[in-house]
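Going in written order, the chains are labelled A, B and C, and every chain counts its residues from 1.
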């Protein structure tokens, strides 16, 4: 059984990108492949793009879709061996097995706590379902990764690149809240898998997990990083070392039209205008954010298609 | 591109009423017209009738329906040029463009604040989506109008009228809460468009926007207004002049069987029994409220059908 | 018109069980019977299994499904003749009639207060809809019964029994919260209808309604009750006599592997591990809880199928 948990999951992203480009030409060409199949989407957290694009993707394949805000059910226990005498009414052992009987694929969104690094890195929610479910699991953004986003990002770069190996920069941006590492983690993993020319730039203290960045070029000099960039992916994340902390709110790191130059601007959305990036960038022809969000449908669709075909 | 924003919107209500009457005879006669098309319904506020009847209408046309309680996503910014460093995580500029890529029609419910008249009248939510979306917008009750309700109301009057130009009375009723002007505004606009014999009655201080009522007959004498009425539309609204204020809770304005006489009773629902109208009216043969709510399906269906055909 | 309100409702449970066994062999054999038909599911309370399995069941029959969390609409009034000047915005008289126009079947989940016995036993929500709706009503767990669960339970016993009349034990279990009587009530009614060899065991003070248990064998000696049991159905409920009270939290009543012996373990889920039952039971081959939850789909499907055929 093949799942889609992260970039290094059971599906080859190079093949997925190629198929997505073909799929996009006629999104309804496989509209009977999901007949009599059901996607259950479980949301432990808020969602706009993922919720709508994944539902759309499933329906384009002829699947039924059932959406469950987990808050409409009850709190789940993920620890083994506990005496469940507090606020958790059901164990993931039961929940995952049960839902597997009502659905052919389970999508899960579960953000990190940003308080307990070890717990977040255990991906206890995603892995709790993975371990106990009997149907494929799709990661709709977990504590440490957002592979559907990165697949859409890669597809967008593929569509807009004008040279074989464009220079891609991942640039940290300021924010008022502590945000997860899922998007930058998956983006870095994806770019490394595709052997892109990737540079990461961020303030001191914002180093991402080096098991993910490995030998990727990293600089604290944003100007230098942006030089001759073809694509600039802007994103805030909280500190990984001082886990979940906001160490820096320096607005000098905000992306501007001037800094961007002739590069294409990318962001996963939602984006806070004039905090992460100035209006002039988002409202320009060089912004690809709407294209990226459009490609979310085709990323989800090609993943679901492959899962339905293989399993 | 044609939207359905208010009574004076891009679709001719006279044609819509005629088509709705035909559609009602066989609601499934156009069940393939919406094939491969998706309606996204965005709720910024509570809904029962609109949520269910509009979904039913779309499915009767073969459309897929995706429902998003905006509270399940995040707060949207509607102002231009702000530094988004407070509680708004996404700008309508992005949200509207993004959702346009997942849906073929967007329905929006967004009530007024009843605190800031100018802001409410700007219809910043509905117009924020209208300005930025690339697909048609349907008003599922906005700050100042509820045209799907008024279309259902007009259809109900058309079905039950026994003379060419019946006398129609819009009668204010007491309530414990401050309620919006959307329903009375759209009802008045609709009746004026259909050239009905309309009279409005309400206590002093409850004058509706005179850009809507124009030369409609208005009286503070409810008894006089109700004389020889064929249809009596009862509704509470808060003061428009002293914007959003409750100036009057006089139960003498409640509709009774005695006052109603032989006229038909109408209300958009939900209705508070024995506050807005007494049980004896709602439980009588002269109440059309269930008919009105039934016609909500056909009103929505004819609007969606026209939008799908035109766009 | 036939509803499915409780075990003694309008459908013969013996026939439903037989049909469910046939249906399970090919769940899609009636996939056009629900064409152009809509199930509206109204949730006054949380749900996981019921929500997903009932939706799945309806879609397996080709029905459309509309789900409404009542909290997304507004509070309903169920009393007759009240002046609705508090927090209830709509009366069930209108709500039930209105929704009947948008749906062909209405499913309702409405838990008891566990504070007002008389009110709970009046089943004011379920009966409020039943009285005012013009389409069939399906009980998705009400104040006093959960017949879809018991139908799934009976189906599970039918599948796993190895003798004509197995010994079935309903054993009370400890819990931290006060829980409803709906599941044990319906289970007892179902077993009595099927003329099973049923024994109930619980601590003193936990007697169920004797209009339901009638002459069923009841003992406070759990060990004695469990002797030679073929199926042990474990469930917590609050006191019925001292209505809604938790009188006992004695962990000696928890089900263990040792106590269970060679019997099959049953529970409706969600279940609190190591409080109601120890891990060793749930993780053993003798646990049927996943089978029971699987049968929820077929229980709901056979009920909906019969309702669609009859009405």
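Simple rule for what comes next: a contact is a pair of C-beta atoms (placed from the backbone, for glycine too) under 8 Å apart; a residue touches a chain by one contact, two chains touch by 3 or more.
Everything numeric in this text was worked out from a predicted model, so none of it was measured.
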item: Chain contact topology (line, ring, star, complete or other); value: complete
item: Chain copies touching (subunit B, subunit C) - same or different residues, decided at half shared; value: different
item: Centroid spacing, where centroids are CA-atom means, of subunit B and subunit C in whole angstrom; value: 39
item: Per-residue multi-chain contacts in subunit A, two or more chains; value: none
item: Residues of subunit A that touch subunit C when the two form their complex; value: 36, 38, 40, 64, 66, 68, 72-74, 77, 80-86, 88-91, 93-95, 97-99, 101-103
item: Sites on subunit C touched by subunit A in the complex; value: 28, 31, 43, 46-49, 51-53, 55-56, 59, 69, 176, 269-275, 279, 282-283, 289-290, 293-294, 297
